[in-house]
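Note that the chains take the letters A, B, C and D in the order they are written out, and that residue 1 is the start of every chain.
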Amino acid sequence: MTNKVYRDSASALTGLLRDGMTIISGGFGICGIPDSLLAAIEDSGVRDLTIVTNNPGLDGMGVGRLVNSRQVRKLIASYAGENATFAKQYLAGEVELEYCPQGSLVERIRAGGSGIPAFYTPTGVGTQVAEGKETRLFDGREYLLERGIFGDLAVIHAWKGDSEGNLVYRMTARNFNPVMATAAKVTVAEVEHLVEPGEIDPDHIITPGIFVKRMVQVPDPYKHIEKRTVRQRA
Amino acid sequence: MTNKVYRDSASALTGLLRDGMTIISGGFGICGIPDSLLAAIEDSGVRDLTIVTNNPGLDGMGVGRLVNSRQVRKLIASYAGENATFAKQYLAGEVELEYCPQGSLVERIRAGGSGIPAFYTPTGVGTQVAEGKETRLFDGREYLLERGIFGDLAVIHAWKGDSEGNLVYRMTARNFNPVMATAAKVTVAEVEHLVEPGEIDPDHIITPGIFVKRMVQVPDPYKHIEKRTVRQRA
Amino acid sequence: MPWNREQIAARAAQELKDGFYVNLGIGIPTLVANMIPEGVSIQLHSENGMLGMGPFPYAGEEDADLINAGKETVTKIPTTSFFDSAMSFGMMRGGHIDISILGGLQVSEKGDLANWTIPGKMVKGMGGAMDLVAGVPRIVVVMEHEAKGQSRIVNECTLPLTGRQVVDLIITDLAVFEVDPARTPSLKLIELAPGVSAGEVREKTDAAYVEALN
Amino acid sequence: MPWNREQIAARAAQELKDGFYVNLGIGIPTLVANMIPEGVSIQLHSENGMLGMGPFPYAGEEDADLINAGKETVTKIPTTSFFDSAMSFGMMRGGHIDISILGGLQVSEKGDLANWTIPGKMVKGMGGAMDLVAGVPRIVVVMEHEAKGQSRIVNECTLPLTGRQVVDLIITDLAVFEVDPARTPSLKLIELAPGVSAGEVREKTDAAYVEALN
C-alpha cells in the first residue's frame, strides 16, 4: 500500500507548494487549525498564496503566520476581526480580501469537493454580498448563485487518524476540517494520534481515507485559547 | 423538556398523516429501512402518497408494503428493479414513477434539508435525465439544474438513539437515513436501542437531535437479507 | 424606566418555548442564556459545530478544543452533539433552528436588519450573521432604541444590510415591536417598558408603525 | 482465442494502480476484485456507503446491516469506513474515486456509454450508474464485443445513454480500445486478445477507429 504517513510536516508538503497556489485551511479562529502544516508552509517561503479559511486567526498563529510573513496575496474568509496585522495590510492595499458569509463559504467548499459547480442560497440576498451575483426566484423567494471552491492543497487538523487516512475530530476542533478535506487536489492532514487501520470504529470515522493523500503526526501540539471564559465554583 | 419518545410506531405518527402527502423514507433496498414506521403507515390507510426513497425494496417489505396496499400514487427513486408488484402497477399505469440518478436523488434531499433550492450537477447530462431540465456551462463543462426535495414527513431507521434524538447508525444501514432525517417538516426515527442523553459520545453522533422530532424504540427488528452471498471456509 | 440590558434579555427569553433550538448572538443576546423561563428546556446552537452548549467551564477545566462561535471556552452537557460547519449551517439555512436572538445596529420599517458593519471602520466580516437571518424562521433583534440620539428603528437602513425583511420582533430598552412585511405599516408597537410612554416611543422612533398596546 | 470473462476481468485489473480507490460494477467487473495484481493494494468503494469493502462473509456470519450496492452480504476489513449516501456520491461526483470498471451495452465512437436500460423492457432505473460515469475520472468498460452478432462498439449509441463522452477504455473479449474524444477518430485499437486478428476486430466493429498495435 502507498504510504500516506510522512515523518514531519515539511516532508508531508514536499513537491506540493508553488507560488500563486490556492490553499484551503481548516480551523475556526485558532481552534482545530493545522498549525504545524501552516508553519511548514511559512518556512517554505512559497508566495502569492490565495488562502481560503473561515478567519485568519490571531497574529502569527495558524494562517496568521502566513499573513505576518506576507505570503498571502488574497484571503477568502467570513471574518478577519481579530488579526491586527491582516487589518493593517488590508488597509494598506497589500492584500486582497473576499468576504463570504460563513455558511456560504463552507457550502461552496463542500460543493467544490463533491462535484457541484454552483448552487443557489438565500444567504446574502439584498446585501453587499449579492453585488455582481446572479439572483433567481424559486417558489417566489429570491436566491443567489454561489460557485464551488476547489483548492490546489487543503491542510487540516484531526484528533486521530489511522495510516489509511481515516480521521476523527475532537469536539469543536472539527469545524471546517472535514469539509476542507474533500475540496483540494491534495489534502494533507496533521493528526495528534496516529493508529493502525482497524483501531477506529468504522462507524465513527468522519473523514474516510479517500480524501487524505498525506498525513503527519503532531503529538501534543500547543493549543492557544483565544478567549478564556470561566465560571466560579458555587 | 418536550418528550420525543413515543410508545409505539402508530402513536409516533399520530396527527402526522394525511392523504396526498410526501413521505421520504430511509433505507437502501431493504437495508436500514424504517419498517416498523412503514407498517404503521400501511395500517393507517393514508392514501395517494408520494414516496421518495432510493428503491422500493422487495415485495411487501419497507416501502413495498405501501406499494402492495396501493397507497402509493407516485414514487421518486433511482431504482425499482426488485419489486414485481411495483412493476405490474407501473406498467398498468396505476402508479407514477420519477427516476432520478442515485447521487442526484440524495443530493436533492440534502439540498432540501439544508435550504438550497437548486444546484448544478454533471450527472445525467446528455441522457434522458436531462430532458426538460435547464443546462448550463461552468468552466466549459455542461451541467444540469436539479431542485431540492423537502417532504412533509421523513421516516428513518437508526441503530441507537438517545431521548434527545441524537442518532448513530450501524454499518451500511446508515445509507440515506441521515440525509433524509434533515429534509422534512417532521422526522420520525425508529431506533433499535434507546439510551439516555450523554450515553453516546457527542463526537460519534451522526444525526443531531435537532433533526428528530419523534422517536420510537423497535428492539430486535426482523432484518431480511436480500442477497445472501457467502464464501467457503478455506 | 427603560429596561436595562438584563431586562431586555429577560424579555427576549420569554420568546423561547420548551424544546426550542436556539442561536444567540453576541452581547445582550448572550445574557438570554441565563434567563430561560422555568419549565422551558432549550438547546443552544453554536455555529462552529455544536448543539447543546453548556456554561463556561470552571477555572482550570478550559479546553482549547471546546469553544463557542465567539471563541469563548464552553462546556458540553449530556445532550451535546458535535458536527462540521457544513451541517451546522445546513441547520440554519434549512430552517431547523427555531429562533435566533441577535443584536442590531438598525432595523427598518420592513424588517431589514443592519448589524454587521459600519462604513468607514475596518470591516471585520459578516461571519455567520447573514446565514442566520436568511435561514432561521424567527429572528428577534435586541438593541438600544437609540444610538447617539438617533433612532435605530428607521424607515430605510443607512448601514449595509445583513438581511432583507428578516426581523420578526424588535426588543429595545423602551418597547417591543412586531414586524410583518405583508402589512403597511409593517411595524406594530405591542409593548412598552414599565414607565415608558407611548409618546416617548413615538418621538424616538423614525419608522412608521401602528400601536397595538393592551 | 477470445478472452473469457475471467480473462477480460484480469485484463481490466491491470488498470489498477497501488493506492487506487475503485468502484466495480456488477457482472464481469465484480470478478476484477479477485484479480488484483501482486503488490497492488486498492480500496473498493460501494456506493451505498462503504469504502474498504471486504469479501463475502463466511456462511453463518452474514449481517443484514452490511451489504454492497448489489445488495449482497459483504464484510468489513481494517481500512473500512462507513458514511451516508450524500458523502458516498460526493466522492464519486467530486472525482475522488480513481477508477470505475463497468459493464456496457454499447459504447460509441466518442465514448458515449449505454448500459442502464433497453427500451421495451421494464426500466429498472439507473441507480448510481449515471453518477459514476459523470464523476469518476477514469471509466473502463468491459463487455462482450458483440451481442447477437451486432457490434457493441458503434458510431452512435441506439440505446439510451448513461453518459456522454465518459468512457476512457474499452475491454472486450476480442480487443482493447482507448477513447479520446479530442481526436478523430476517437477510438484507438491498442491490444488484441491472443489469437484474435486485427482483421476480425475490424470486421466486428461498427465504429471508426485507428490501429495502434505494438
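Here are some notes:
Quick note on the criterion: a residue touches a chain if its C-beta (ideal position, glycine included) is under 8 Å from a C-beta of that chain, and two chains touch if they have at least 3 such contacts.
Just so you know, these numbers come straight off a predicted model, no measurement behind them.
Common neighbours of subunit A and subunit D, by the contact definition above: B. More C-beta pairs in contact connect the chains of B-D than those of the other pair, out of B-C and B-D. One finds 35 Å separating the Cα centroids of subunit B and subunit C.
Mean C-alpha positions place subunit C and subunit D at a centre distance of 54 Å.
Centre-to-centre, using mean CA coordinates, subunit B is 28 Å away from subunit D.
Averaging C-alpha coordinates per chain places the centre of subunit A 32 Å away from that of subunit B. Shared interface positions of subunit A, defined as residues touching 2 or more other chains, are 107, 110, 114-116, 121-122, 169-171, 174, 202-203. Each of residues 76, 82-83, 86, 89-90, 92-93, 134-135 in subunit D touches at least two other chains. With chains as nodes and touching pairs as edges, the resulting graph is of another kind, matching none of line, ring, star or complete.
Applying the touch definition to all chain combinations yields A-B, A-C, A-D, B-C, B-D. On subunit B, the positions that touch subunit A within their shared complex are 107, 111, 114-122, 138-139, 141, 143, 147, 168-171, 174, 201-204.
Of all the residues in subunit C, the ones that touch subunit B in their complex are 18-19, 21, 41, 43, 45, 51-52, 76-83, 86-87, 89-97, 134-135. Note for the complex: subunit B touches subunit D at residues 28-29, 31-32, 54-55, 77-82, 87, 90-91, 99, 101-104, 106-107, 109-110, 121-129, 159, 169-179, 206, 223-233. Across the complex, subunit A is touched by residues 46-50, 55-68, 70-74, 76, 82-86, 88-90, 92-93, 112, 122-131, 134-135, 160-165 of subunit C. Here subunit A touches subunit D in the complex through residues 1-2, 110, 112-116, 162, 164, 166, 182-183, 196-198, 202-203, 205, 208-211, going by the rule given at the top.
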